[in-house]
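What follows is chain A paired twice: with chain B in the first complex and chain C in the second.
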Partner chain A sequence: MLTREEWLPLARKLDWDYSYVREDEVFPEVISGRPWLPHSEWKDWEESFKTSYREYVDNQYEKDMAVQAVHDAVGRIENVEKLALPWLNSLKVHAAALPLAEFTGVVGNLRGARFGRDSAWRTMATFGALDEYRHTQIPLLLFHPLLRLDSQFDWAHKFYHTNNWFAVAARHFFDELTVGQNAIEFHIATNVVLETGFTNLQFVGLASLARESSDHMFERMVTSIQTDEARHAQIGHPVLATVMKHDPKYAQYLVDKWFWRNWRLFSILTGLSIDYLTALEQRPYSFKEFMEEWIIDQFLRTLDEFGLEKPWYWDLLLDELDIYHHMIYASAYSYRATLWFNFVIPGPAERKWLRQKYPKYWDDMDAVWEQISERWRTVGPGPANEFAVHGTAMPTFCDLCQLPLSAGTPRKNTARVLVHEGRKYIFCSEPCQWIFLREPERYASHTDIVKRVLSGEAPAQLPNLLTEYFNLTPDTWGKDVHNGDYEWLGARKDSAA
Partner chain B sequence: MSQQKTYWHLLQQKRMPTEYEIVTSKLLCYTGEGFTGKRFELDVPLKDWYRRYQEESPLVCSSWEKFRDPRETTYTKYTDLQRAKEIFVDGILGEIELTGYDAHLRPAWLHIFHRLVAPFRYPGHGFQMIASYIGQMAPSGRITIAAALQSADEMRRIQRIAYRIRQLQQIYPGFGADSKTLWETDSMWQPLREVVERLLIAYDWAESFVGLNLVLKPLVDELFMKYLSDAALREDDYLLGQIFYSLNEDCQWHRQWSESLVRMAIEDNVRNRDTIQGWINQWYPLAARAVHTFASLLEDTLEQMKTPRLKRTERAIDRYYRDYLRSMNLEVGS
Partner chain C sequence: MVITSGSELEKTLPLSLLGPTFMPVPLYGFLQGDTVGLLILADDGDTLEALARKLQAAASLRVAARDPLRVVYHDKIMDPAMTVAQAGFEALDRFDVLSGSK
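Up next is the complex of A and B:
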């Protein structure tokens, strides 16, 4: 048989000059993206994988069979039941965040498969769309049997369909990243920033945590997904190179903006899993260590490769590595009933580890956990007391990232207020405000949960908000995994209801 | 906690969902099929585009989630099916190389292959682009999936033709090298090029679907994958016929899922029939002209050969197409 190199070039470069319509009608700027350039500027678009259809279906079938085999061997309920409770809850976070977000990637890649500016780009994006269908399907299938074990796994499908505050934030991210985005911004933001950078957190970082936690099914799933990501992530690089050549300021803006937006989302998704929801003895590294090794270093290399500058907020970001996800976890614990998974309080051994890994700000965080622990000591453990150790006041959300205002430290919040065209906006951080001001036409009309409560769209009372608006039930809303019953806490067990 | 047996949206079925249902239902969040009732969470760059070309499409449905791909193609099923087909085609291509098959092809047939098969990669890529458009704009995840897989099938067809061209180039240097020029300038290709280009900018998602899957593809696929393939058999290029037979299986599935979508849409809202018929009437003349141009231009060449006059082919395609539309209670446009 001929080698792929011998024949594939005849199938990859298939653009032609239009006669009956104009090129800018076939590739309108609004959906193809900017800068709008004639095809002559894109004709040398190339990436390194050059996969053929024949190879694709063969490899992908084999990969699916391998995942299926691991699922059959170790993915049964009895295997999952043996996992540590915190890890099981980490699984629920990823079960919810992953599948339908991946499906928005199907739409985004199909955008590239139609509006990408060169046929080789469009061809690789077609594979990208199929990959993302795979990444939707595998978790939906693997988590489905776990519903019998725990109905919180329902959120593997339900999450993005709800008005849960975190779902609002996640949709705000993915609607802009994928479904509602033009081809150029989609491929730079998704392939170069998210997949070359942050999915390492999800897929490499989590795979090793899963392995340490003896969750071989999840480990296999994310490792298998990562092999697809590594291939289709290459699409964005030649796109960025061309934008860099014609409009370097815009290229820099896209990369800066999307790195920040990704950081916000993934510090929660992965930060919580690594530093809190994995048993101490199974943590191979801290979230910060992983970020430094896998994200920061790699991102700097990527910037270098394209001649891009470090984002202007770099020092701020490095500072946040020490604190942001800790702040979010403490807030989320305090409002755990608003989420669909359960939480654990870091005990003395965990806090010792956290202090060692995060010396800069841990004292401030430790005081927060001490308060929470004290509250449990006072009311006593037990499911009936969950709401006695729970926030009651409505938190405020950032008008860009839609996450609670948790930037800064417990002593010094970095929230900022801005009046824009007569309306007041609040942001958790300077970069979030900066992003807003660069493209207010995208963000200004959005209403966060608080505004929805004020306008009457969402109920004001917490129990109604949880059930009617966040689509939770007493079975599924988040709790302390031990209902405050920790040996180290020394709380009065007899007071448990 | 009570044991929940399936995901929230499948509970009302009161039976265990199939694997296809688990992995394909309610996958799009912005279409109002969940609890949010919203469209996009923010004013995304394409908000107006979706409003104009999806929400305000004349083709309407109470719930696009009702669409089901009759083949129930999950990702694993797709790679399994297509892998088997590709192994079959590899066998044929390997046979061609082993037996020196290409040295025995007749010059007149090689001329047809060069003029008619090799440039097909270009409209094929246009089909791939339009299918990708339908997929990204479709109002339900299952339609998105069917269109995405169709787009991949088009890529398969292009790559198999490319492989075949390279094989022929080993014996006939430069074979097919002018495909792009032929596609851009040969009078035989221009009516098809015109309809592909115009369909690329038909941005209403449903019009794009009707124009491609109910008009252009059934006619063009039938001509190339069936009649040209029959001609190849008669001209002793029996192995090309085998390859096209396999590629035509993909095209048949494209018709099947399209038929399911049309039936569902008309069953849901009877006015959809007129909407679809209107688009068929609009696109048919352009597509028919494209297909008939091949038929009439080929007559001169093929008259010298064993192949019967394509006028008959033209009539057979028209008959087949009429039957296909009739099965959906639609008709060939005037």
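Up next is the complex of A and C:
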């Protein structure tokens, strides 16, 4: 019987030299990725965390049993009903965004499992695909039954099947990242940038918030997922090292591009949960603090490890830590019926905390919340007044990230118009325009929600847009959690009178 | 469910409902103090003052009304009496509105 150490090299390195086909026929550049190199350049590919199939199955079984045990103990509807309302709505965000995105990760890993350039890489990608399938099934299993509690949980499965504006943005991201991507770009973008960096936001940051919010089911689920991520994220590092050796400019481009694209999406997914949809007394840190500790510092160490430079937009990114997700949240609150979860207005205590954590631009954001609050004071609380405290003009979207044109600050929005081959585009920021111009053939034909409305593809009337195009209903479209009935709103009104 | 009366969206869209003499110009409007750009359907005969008022009304949920309003187009402060056509606005251009004293 071979020892583990004797068995692993035998099981991992399985390639032979092809005699009857050319190597570039087996691994075409268009799908294996570039730079295209002969196998001799990849044969020393080595993952830092090695596992055998038997170990993999044993470990996954134990992890699934642990999740099941927690689900049986604290994951029932009656447990979920006890959670704070804002946190429950944070759950709806992740219930929708997570499962099917993870399934696209199955597709991306399977591409690596077939078109990765070394057998050890392909073996690890096979495990990665199984991981991602697990990450699809578990949240679907846990979240979708909650629609008996709240019909907005229907979006755990429905989200990516709609043309909801946020679903359009998420599909635009994941289709490129995972579904339509060559093996090299997929593993650098997904493993090195997303999983080494940004999934910490989801699986470490949110796990911590879930614990503080007494949501032990969610905490266990994301912690369990993170153990898989930590293993298969290692695939990307030796891929990046080889690309750096042969084409460092391309490696830098891929890292710069995907760090920005990830930032855009995850600042919304996680930023709103940490700074708005978690009760104030349950926030252990701000989104910015978490980004600085878990993402920025770690990313800089990764860059240093590979001899990469900071992205050219680094100062801009650091500035956005103070403002971008606040701009998005206030905009989304005022168009909450276009989404599938409910929102809360930050009250005086929350705004004091936000000012303390985000002093740079909070004065401008505070003015926005004061204005929204004043509208509720004027019309009075109640479900019937939801649309009296709701945006009516069409909001606008970036032609790259597909997210609202909410970058910059309230004083100076950084949106920019570009004419490219006779067609007009608008981007929320310079990095989004830069990514577009590096690969216009990839992005130019996509139309954002505004252009779909203008062309007649999407309905122009808000009720029709919500129901026919965004697939929402009066039951499921977003509302204020309290329908504007905040004690502090009345108190302020009384004291002002 | 009734949306709000006087909705800018209902007033300005869809294009097919607009009168035959109306030349709609969809523009990206950014009001200083706001958190998102808005689609504003201008009439090419609108003055820039009227255009600024349209954007101000559309953003009123988030931004308190302040005067005076100044329209910025291609980095220049424009004459508020000019019309959208005279100012050379084209579909899907960006304009900004600054409000309050400098």
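In this text, the second predicted complex is superposed on the first by the 487 of 497 C-alpha atoms of A that agree within 3 Å, B and C clash if a C-alpha of one lies under 4 Å from a C-alpha of the other, contacts with A are read in each partner's own complex, and residues count from 1 in each chain.
Basically, a contact is a pair of C-beta atoms (placed from the backbone, for glycine too) under 8 Å apart; a residue touches a chain by one contact, two chains touch by 3 or more.
Just so we're clear, the structure is a prediction, and the values are computed from it rather than from any experiment.
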Touching partner for A:371 - first (chain B), second (chain C), both, neither: second
Greater chain A contact set [chain C / chain B]: B
Touched partner set for A:273, first chain B, second chain C, both or neither: neither
Which superposed partner A:410 touches (first chain B, second chain C, both, neither): second
First (chain B), second (chain C), both or neither touched by A:32: neither
Partner chain(s) touched by A:234 [first = chain B, second = chain C, both, neither]: neither
Chain B versus chain C as contact partner of A:252, first or second or both or neither: neither
Touched partner set for A:190, first chain B, second chain C, both or neither: neither
Set intersection of chain A contacts, chain C complex versus chain B complex: none
Contact set on chain A toward chain C in their complex: 326-328, 330-331, 334, 364-365, 367-368, 371-372, 374-375, 387-396, 404-406, 410-413, 415-417, 424, 426, 450, 453-454, 456, 459-463, 474
Contact footprint of chain A on chain C as seen in their complex: 1-4, 7-10, 12-16, 26, 28, 30, 32-40, 58-64, 91-94, 96
Touch list for chain A against partner chain B, complex: 1-2, 6-8, 10-11, 14, 16-21, 25-26, 30-31, 52-54, 57-58, 60-61, 64, 68, 100, 103-104, 106-107, 110-111, 113-114, 119, 122-123, 125-127, 129-130, 133-134, 136-137, 140-141, 144, 147-148, 150-151, 154, 156-158, 160-163, 168, 171-172, 175-176, 179-182, 185, 441-446, 471, 475
Complex contact set, residues of chain B against chain A: 1-9, 19, 22-23, 26-30, 33-36, 40-47, 49-50, 74-76, 78-80, 82-83, 86, 90, 93-94, 97, 121-122, 124-125, 128-130, 132-133, 135-136, 141, 144-145, 147-149, 151-152, 155-156, 158-159, 161-163, 165-167, 176, 180, 183-184, 193-194, 197-198, 200-201
